[in-house]
Amino acid sequence: MSKIFNWPVRVYYEDTDAGGVVFYANYLKFYERARTEMLRDMGFEQDQLMAQEGVIFVVRSVQIDYLKPAKFNNMLEVSAQLSLVKSASLTFEQTIMCEHELLSKATIRIACLDSNTMRPKLIPDLLKQALSHD
Amino acid sequence: MSKIFNWPVRVYYEDTDAGGVVFYANYLKFYERARTEMLRDMGFEQDQLMAQEGVIFVVRSVQIDYLKPAKFNNMLEVSAQLSLVKSASLTFEQTIMCEHELLSKATIRIACLDSNTMRPKLIPDLLKQALSHD
Amino acid sequence: MSKIFNWPVRVYYEDTDAGGVVFYANYLKFYERARTEMLRDMGFEQDQLMAQEGVIFVVRSVQIDYLKPAKFNNMLEVSAQLSLVKSASLTFEQTIMCEHELLSKATIRIACLDSNTMRPKLIPDLLKQALSHD
Amino acid sequence: MSKIFNWPVRVYYEDTDAGGVVFYANYLKFYERARTEMLRDMGFEQDQLMAQEGVIFVVRSVQIDYLKPAKFNNMLEVSAQLSLVKSASLTFEQTIMCEHELLSKATIRIACLDSNTMRPKLIPDLLKQALSHD
């Protein structure tokens, strides 16, 4: 397992629904923000990876548990940790915490695709090395 | 397993992302629309269930696979089928098809809560009967 | 002024916020759905307009008034009416009604752009004729 | 005119559409984040204002211009500045900049409502004083 990367996310009205809590689809936005910022923290920008390496990352599967609801104005901590690095896919274990309580956890599998053909493509070497040695 | 309920969903710009396809969180919106319309088709409105029975439904877990991308302007068919009815929870098997191709499938577990205390509450009898005999 | 086109929109949980009503940005989604369906109703698909004519439509300005809130489960009627057709832009007058009450009205100006250069481009002849004579 | 408050916003995939740029409704999310953070910066939390003062803020009208598109991965600066403070409403002038270019500007009028009756209510004294002397 790689190091754990943490990213703060504030809950705004846009994220909530009439039930008074964060709408269930929007947790996936928060999880993606943390993955994007983890890559950025390692020196990789996804727009450059597409322009220079011709790769794009797409989500293949998500297993998510909703344990306690996140609410308007909550300051969340979203974690991302790589659990599996394969030649053309990545698996992340992620959590959302608020004030030391676990609100949600998820396992998210990502595929690396050729941005033109949208077929599986090897993860670029530099990125793979960085992900494997982190 | 209950009967399969189908609901059409058109993909608009709002649903897509810069990758040119539907953003991965938005499939959860489509799946929820189909569940909501399935209940409505059976004669149950969620706002009335809250006002009259004091119950609200929340998602407890989602397992979703993304097989092929949905694109702008696609006309999707979203299915919902009950696979398990328990005293205070429901499990749905759902799919998204486009022109006879399977784009995504999901297993979604829903809990029935007291809308005031947000604690688990028995599914109202009339609804449970309707769901069990469908 | 052209004929008025109407499109039904159901409010789902995804559209609401913790205030119990539709989140203010989401009215713009509803307005766009009606514009898209109006074009479709006239025989024009935006993905084909891009592929065949190399044009894309972007919003240049919005003036929107929020008069009464739309709520979860409401069945809305969203109208779209062309008020001005110029060589490279369109102006729509739009409203959102619910049970004969006016909830919102908007004036929305759209520009026609070359989808490669993203510079203003003449509206394709066939579309312009259809819009002007409607 | 009050002081100008600035808030950074990163553009994620969730914000973009198949046109490759930020979806037009999502600028309203960014503008609201800046208004929320401006209030927070002055010491006011909207959930506390609702719980303690019984007030909620709702948007009454928006005039927004889209000058240049925001793109995936852009780091935006969103400004908020009060231009008018009345007894039960506020008007903000807001902009979105990216690398010293103006992408969008908006005038947004907010009403202060009683959170129970949803009727207009005087802005709480402490907040009004803070807003007027800022």
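Each chain gets a letter, A, B, C and D, in the order it is written, and its residues are counted from 1.
The working rule: a contact is a pair of C-beta atoms (placed from the backbone, for glycine too) under 8 Å apart; a residue touches a chain by one contact, two chains touch by 3 or more.
Here the structure is a predicted model, which means the values were calculated and not measured.
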Chain at maximum distance from subunit C, centres defined as averaged CA atoms: A
Rotation in the CA alignment of subunit C with subunit D, degrees, nearest 5: 180
Subunit A and subunit B: spacing of chain centres that average the CA atoms, whole Å: 24
For subunit B paired with subunit D, centre-to-centre distance based on mean C-alpha positions, whole Å: 33
Multi-chain contact sites of subunit D, meaning residues that touch two or more partners: 13-14, 19, 21, 25, 29, 32, 71-72
Complex interface listing, subunit C residues touching subunit B: 10, 12-14, 29, 32-33, 36, 45-47, 71-73
Touching residues (chain side subunit B, partner subunit A) in the complex: 19, 21, 24-26, 28-29, 32, 56, 58-66, 69, 118
Subunit C-facing residues of subunit A, complex: 13-14, 16-21, 23, 25, 71-72
